[in-house]
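Next come two complexes, and both contain subunit A; in the first it sits with subunit B, in the second with subunit C.
Right, the complex of A and B next:
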């Protein structure tokens, strides 16, 4: 009797468990499908194409490492990849250095919430302007007839306009830093904002100076924000080609420009794919390294 | 949120993605794969009014897109307008069909050089109708460069260090090869390619900027940042309109020239709108309207009479209607070893200045 009375319960339970499973599938299905279709599949096809070669207009599939060997043995592929990597790193470091004081001031120097919101908007506002417009703007600032040169000449600092400001690596890094710094500001600010004022007050009550508070409390806690911002900026600057095309000099070739040309001029998709794979690998190495460093310097509270 | 609502939202989000592209080659409409400006409303609308054919244009960002989208791309497009160094690739790949010139009466009125040109001929058939062209001009700022030599040497002269701008294109490799005395610049041997590279490296200190768009060169010239360049006709015309004393030199080593042609995607010839478009875009009226948009040269010399006197004057000064000049320029041809040319060009650009 009692067994019969209890019998339906496992069914109900199983039913509930199945419903739970269906729900889980419904929620996890789309992100998993997204990951498979837009992450896994494209990268696998990238790898597949990079192992083949072109025969006139036809792609010939294969399993040859020839394209990878070429990248490492024939100039300019590896050299330009590292130069672009360097540009990305330099931009990330400069953007972080510029962003940090600004984020610090936003988090601790601006007292009213309204003023803070206003500063945040001002930091993000340039993002509403088109990327090309911002890059072009630097042409009018740095050009021989530009704002900087006009000021320098009229102030008598230089007799002739400086030719090196524009169409140089300097112009490329400056423009990239200008365009991408807001990413660092927002990322660092989000981290600093989380520091409770009580923590700072406690440190001060115990006799810590402002510098000590910055060095021993604020800086260590903000490291993840700095790294997150730097990684985003690095990835964007590493793969950029528009800025170097617009304001770079004759030698400021970026690896993405080469990739576009491989597609657009010589139709060598396999070699372009191999370079793409190398870029992904380099970025992955950098990410893993940063994660490793972050684990060692990060402070939790 | 209930499961059903979520499922409905997901369905609403993803189902539209499954909608099929509209069938190609539909009667009364044309799908055109082309450069921006080659299907401008200013001359497409009169075409639609006259023929009833609506035109849907898809724009390419670089020449290879013609190959990528037409070769094995399914029958999405009816017409395409590739440049002369790509036409043969499309013919060889079987992506296009031969043109029945009897159905394009206006094609007979195109300049002599565009009557069955080499880059559109194969197996005794013609595979396209020439549309636009441009001669790559060597230009100098006459205020800064008095009495320039009629030679490519001017682009290599260290008197103009940092004042030279070259087109960021394989054309600049061809230009160096012409200076090196290479006979067939579109089919160079390794040794010839190496000679061209050596010259390009020697030129680098003179180069301020490899220009990427014609507008960019306009700005460099307007700011007097550049005195010597290889350029498009639009650069000269824009400088003349602004009253600048910029002149063209005709190098004894020869000049390169590009040209785009309308080609019919395989199987699209049965769409009646296709031949109507080919004939219409060969008329002086449609080509004059096209010139207003692009500033390029057009294949029917009759188009000059449909332009305003000032523009006509500029084009006459550029000898855009002179058959003798057009026969002498070095028209772009298929470069079999395009990847090696590009690699050389990238090596030059990557080298330290």
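Right, the complex of A and C next:
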């Protein structure tokens, strides 16, 4: 057979490859476009605005890091960012601590499938209520005329209603924890559910006590779920501003509140953008790190 | 000394009300024996095993091990080790850590030094022919290797009794065979009691000293494999174990150990009567490999027409449509070198067997 006769074959292959590529583009096009328009562009514009400055009420584009320098040198920005970070961290830790026993009970303590479904619904149910309603609910519980204070006063534990319950950091973290704990429960439960019952039976059969089974089998296998849940809760709590506005005191402003004020009241959009961009970057770093950690501790069956 | 189960009952609440998974099981398992429990799914064999292991609590009845009542002793303190169908290896631990688990639990703390644990782990991995995998993870091993790790993990704590819950169920046929020999070897080598649950009757026949055939939560027959195979006491056992023909009829008479069954076509089949046979409604049981195909005539006990013939390697299987009966008889015949000697499909044949190969059974 001559070389000429063989020549068309590579063309056919290339054709097929091109067709494959076109089909891929067709499928990937819409999500890629969505991502570009609604994710990439806004973030780039955020970065762009954060590098400029304001001339009274007019935005002047530029290429200066002044806003970032300001965040790190002029109070209250850095301090409040740290405080918000702390609040987020505390919320994540508390939510994980509350969620773990609950998820444990759901996975191993509830024997019938119907009861388990019911408990799952009960965990998720608060999410059907509006965020604001839930935050307000804590107002009625913790306020000076609230349930807790009325009880304490009528029981004679305190003479006057406690002011510190409400409009305090305590109230902010309590409310945030209440609102975000379900994320942790679901995330941990998903991991616990993967553990085959035979693993626990095998450990018991080999002489392990319940506590040993928890520490040496259940906890190591489910720890990625704890991390995953904690990261979600941290990200949400760190950037939260509604709860701190509703139940926090004047000194409990979170960095997001400040950012909103800069946008709306002070009209300093570049500085607000810089804060927003830093928060995004922080969250991204955190997510990537946790993803790496999760991959390291993830158990493959 | 032995493991004794008496009057064990266990019910589960299911979608169709309460069901008795185990309904009065009595078994005496002599020390050092290899005992299999077989039966179709839902017969209660696995539940019985789990009751012995302490993973379930019986509603009533008792379990006595070496003279000690262990019915309500927690699983962790029974000293019986169980092998799970899915191996149940701890996925986050290395093979070495898996095997050492039973030596490192709090109940064992202080009894073994770190060096001793190391030595025991290596020794037992060697025992199951799996040296040099200590630092691997279970998910890096094949099914057969995981099986061996699970075995080493169970053996390292030196239990008197090993419980197996369909341990070879997930392996392919070749590996299954190899593991059967392996288990048999280990049993002979270690002298421990093995209690083995399987739905595979061939496997049970091959490896057990004694077989308990279970059905609907009860033990129907508990005997050595050859007795289960050749002298089943009930129709169910006969049908469950091996390839069997059951010819229904009425008890026409009996003379000591011999009984006569009148089949629906009038033929009288004589055979050995199973112990405690009361009924008039009985069946004559003949194993497929105990029937000869002969020419039609007075020497044949039944006659019929070959409806199907399958070549199965070691033998041919014939389905013979018997005259006057609405059942097909299954006949196994060793393959002749010259296959044309054996009757083909459609051929008229006579069927013959020896009286001592017939068992007369009832339900």
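The working rule: the second predicted complex is superposed on the first by the 270 of 301 C-alpha atoms of A that agree within 3 Å, B and C clash if a C-alpha of one lies under 4 Å from a C-alpha of the other, contacts with A are read in each partner's own complex, and residues count from 1 in each chain.
In this text, contacts are C-beta pairs under 8 Å (C-beta built on N, C-alpha and C of every residue); 3 or more make two chains touch, one makes a residue touch a chain.
All of these numbers come straight from a predicted model, not from anything done at the bench.
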Using the superposition on subunit A, decide if subunit B and subunit C clash or fit. fit
State whether A:75 touches subunit B only (first), subunit C only (second), both chains, or neither. first
Touch check for A:99: first (subunit B), second (subunit C), both, or neither? neither
Touch check for A:278: first (subunit B), second (subunit C), both, or neither? neither
Would you sort A:249 into first (subunit B), second (subunit C), both or neither based on which partner it touches? first
Looking at A:286, would you say it contacts subunit B, subunit C, both, or neither? Reply first, second, both or neither. neither
Rounded to the nearest 10, the angle in degrees at the CA centre of subunit A toward subunit B and subunit C equals 150
Between subunit B and subunit C, more extensive residue contact with subunit A: B
Is A:220 touching the first partner subunit B, the second partner subunit C, both, or neither of them? second
Once chain A of both complexes is superposed, is A:185 in touch with subunit B (first), subunit C (second), both, or neither? neither
Output check: A:143 vs subunit B and subunit C. Expected answer is one of first, second, both, neither. What do you get? first
In the overlaid three-chain picture, which partner chain does A:230 touch, first (subunit B) or second (subunit C), both, or neither? neither
Between subunit B and subunit C, report the minimum C-alpha distance in the superposition, expressed in whole angstrom. 36
Intersection of the subunit A residues that touch subunit B with those that touch subunit C: none
Over in the complex, which subunit B residues touch subunit A? Could you list them? 3, 6-7, 10, 61-65, 67-68, 71, 89, 92-93, 162, 168, 170, 204, 207-210, 212, 216, 219, 223-225, 336, 338-339, 341-343, 345-347, 349-353
In the complex with subunit B, residue positions of subunit A that touch it: 22-23, 26-27, 30, 54, 56-58, 74-76, 79-80, 83, 139, 143-145, 163, 166-167, 245-246, 249-251, 253, 258, 260-268, 271
Subunit A contacts subunit C in the complex at 196, 198-199, 201-209, 212, 216-217, 220-221, 299-301
Looking at the complex, which residues from subunit C come into contact with subunit A? 53-55, 74-77, 80-82, 84-86, 88, 90-92, 101-102, 105-108, 137, 139, 153-154, 157
